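When the chains are written out, they are named A, B and C in that same order, and each has its own residue count from 1.
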Amino acid sequence: SGVIDTGIGYANNVGNGTQSKVGGTDSILGVSNVGFSGKEDLGGGLSAIFNLQAGFNPTTGAQSASGQLFSRNALVGLDSPGGKLTVGKQWNFNDDWLVGSIFKGGYNSGAIFKFSEFDAVSEIYNNTVKYVSPTFSGFQGGAMLGFGEAAGSVRSGQVYNLAGRYQQGPLLLAASYDHEQDGNASLISNGSLYKLVTLGASYGFGALTARLGYAHSDISGPGVFQSIPSQSARKAYAVEAGLDYAFTPAFTGSADAIYRKNTTLANNSKVYRLLGIYSLSKRTSLIANIAHLNNAGGASESLVATNSTAIGGGYANQSQTAVALGIRHLF
Amino acid sequence: SGVIDTGIGYANNVGNGTQSKVGGTDSILGVSNVGFSGKEDLGGGLSAIFNLQAGFNPTTGAQSASGQLFSRNALVGLDSPGGKLTVGKQWNFNDDWLVGSIFKGGYNSGAIFKFSEFDAVSEIYNNTVKYVSPTFSGFQGGAMLGFGEAAGSVRSGQVYNLAGRYQQGPLLLAASYDHEQDGNASLISNGSLYKLVTLGASYGFGALTARLGYAHSDISGPGVFQSIPSQSARKAYAVEAGLDYAFTPAFTGSADAIYRKNTTLANNSKVYRLLGIYSLSKRTSLIANIAHLNNAGGASESLVATNSTAIGGGYANQSQTAVALGIRHLF
Amino acid sequence: SGVIDTGIGYANNVGNGTQSKVGGTDSILGVSNVGFSGKEDLGGGLSAIFNLQAGFNPTTGAQSASGQLFSRNALVGLDSPGGKLTVGKQWNFNDDWLVGSIFKGGYNSGAIFKFSEFDAVSEIYNNTVKYVSPTFSGFQGGAMLGFGEAAGSVRSGQVYNLAGRYQQGPLLLAASYDHEQDGNASLISNGSLYKLVTLGASYGFGALTARLGYAHSDISGPGVFQSIPSQSARKAYAVEAGLDYAFTPAFTGSADAIYRKNTTLANNSKVYRLLGIYSLSKRTSLIANIAHLNNAGGASESLVATNSTAIGGGYANQSQTAVALGIRHLF
């Protein structure tokens, strides 16, 4: 099974911060992948599960992470009435419980996790053990630990993630805490920390769903982190509000506004995003997305990679508009 | 599904233009690949289609294009009574309509697309949109556009391809035009061009099929092209004539002669090729191929890569003979 | 189909030869892979066979051999009453006939093939032709040839392997000879040789199986070999004795002792290994493994890679203990 998500796109202010670009575009709603997954009943409510997902970019055929065959899940474990325990390379709970339902947005179409302080809003960690509880009265909790594998220090490069969600009728609430330890420091007492808290809620009113998400990032200093590039000490928060409306059973439109504020550097960014999904079938959809980014106070975030080397990938105070038209097909 | 095509081979004049080599040989008739493809009926004559093909070399297990999982097709799109529209990484029409039926030959067994000016006779392009018309009275047309994705210039690195073919009873006619723009030039007015025209015809007389193909290449100067290495301005043409004869239902023999002439540099190359395919079943064949190359006037083309760094991969005026024995299995 | 083998592990004396490490661990019993294989009946006892296996590490999703899609088999060929003939990238007979049944042990859990002179006890060779005979009264023989593909020298980089095994009731006997020619030498008369002889026996007494294996390695000098790093001339032998006992139908315990002696350098290493496998089903097992390595006389072997650059990957005269807990799932 798998999913292909690709099309064509336009973005302005890419080269030198002023030149526009037209080209193939991947990951409008999410990464393309081909995978193998399954469940074996072991009796007594116990089962063995596995999931291997090879991420790729259809426009070039390239692996989405260089040298990694199964860059988008490589897990195996046991599922039981007492919860699910898995090991391998695994997504964090933000991606599992908040990205698809609350934050939304794809890698090339305006997403909160593209902001420089918020990469861990959608991250897959190496060397992990992950536990997901059963659902009790709508509540579900989870914890994961990613080993840093540093000799002489259990904490160097270590990652952990705690999360919970609550679903009752039309209401979804979710929260997650990611904790990434600098993997560079030989003496862990000198290592920096990257901490990310996310909170999200969504509520459905018939054909309308309202979404509200919040993320707070605290980076204590430069370091080697699994999800973010090295950057000096800073704190930032981001808020996303979105609406999804099913105009017809086949056509859904979404509108989102994202506000990011780096309180340390006193800069901010805004993203406005419109998305239309027209389903030709359960497996095939046509996608149109437009996003506009505004940077202020010296912020240099980007929707689509430019040739700038600044943190965030864009040019200071420069805005950017990105349009994508594509197709998404599940098989 | 997939195909494995491999065996053992011999080539002379490889090391220093004089030493011979024996070894494993891939791609005697074509690249090995494993893939996923499918069609979903969307009703009203419309369907969603996809095709992902991972190219590999059985002798080493390596990916046939470094870092690319699906190097041999990564497309998704829609098929309808009005034609087929697909996006992704896709083969050009030369490969679709002329290589398998008219030019023939494999990567390690003497093929017209191995000549330095004729790589685009078999090429897969990145970032493409491709349209193939329905068939009208035996005629079918197609067009594809590959984005260069250069900031500030829509044309830099851009590729397009127009083609048509006509099939009626035993007759096949096909023509294609490839247009590749230099992807290096920041100011497109300075960019070089690579233009390739191909024409082909085949006709079946019972157990005998006669094939005739022509290609004309026009390279306006050095540049970064998707299919050819950078080379100075030059024009060249190549002609291939071939016969296939089905001696028995299981055994087919082919004989081809290829003549290449670089009119700018006044050099030329000839290839003579004999191929035997013995089918053990519809899925499994044994293959024997022998090809002889002759370079004249300073030409340095090659059948099999040598340690020369000259354009064409061979040594000036040196000949080469390559033999391959193998098996081809579809699954 | 495929297999995932991963978990968590601990090893001491990794960093600077003194620091310990905790982390994800792959290949406790063997490499994880996903593959495609099949057999096509061609009639008359003949069939076409193929096997493609993509090796990967679940802890990171990475390909187990960089750039190789099918690093753990890429073969195609014919099977017949007269034997099996295959071409491609293929495992040697040591791996086929001795590793799984006599030596045992995984890449991260204490195995004879981790010793610096004994890599060829488990090796996959490029560019090979392999023949396996039918079984005559319990005896089976095999031969394989791997081309070095060096221009001007058929022998440079060439590999061959001869082997036989005998199975009768509870008795298994196996022997293999690997011969690897230095691929670096332009004049083969100057090339070094790596020769490896292995002998093994196992016998089942009800729930108990006893295993005894021997390997002798002769490296004539530095060179570029397919399976071992370049090292000065040396000879070494290794002996492994092991017991497997099925405590219950679901639980098997194994105990092994391995002694390695480098007779040229007069150093030695010992490994003691305990393994428990608890089968939740035919497809799913839980694994616990503990191995202890002891180096003496200047030996610098390792169970798990350290940051030493010495031959063997460890620190001279340093011991190492490695523990792994994991799950193995076939699909």
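Here is the rule we go by: a contact is a pair of C-beta atoms (placed from the backbone, for glycine too) under 8 Å apart; a residue touches a chain by one contact, two chains touch by 3 or more.
No experiment lies behind these values; they were computed from the predicted model shown.
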Self-contact between copies subunit A and subunit B, residue sets same or different by half: different
Copies subunit A and subunit C - rotation angle from C-alpha fit, nearest 5 degrees: 120
Subunit A and subunit B: spacing of chain centres that average the CA atoms, whole Å: 40
Per-residue overlap in subunit C, given as positions that touch at least 2 other chains: 67, 69
Subunit B-facing residues of subunit C, complex: 36, 38, 40, 42, 46, 48, 50, 52, 65, 67-78, 87-89, 126-129, 147-154
Residue ranges of subunit C touching subunit A (in the complex, touch as defined): 2, 4, 6-8, 14-16, 18-24, 34, 54, 56-63, 66-67, 69, 280-281, 283-284, 306-307, 326-327, 329, 331
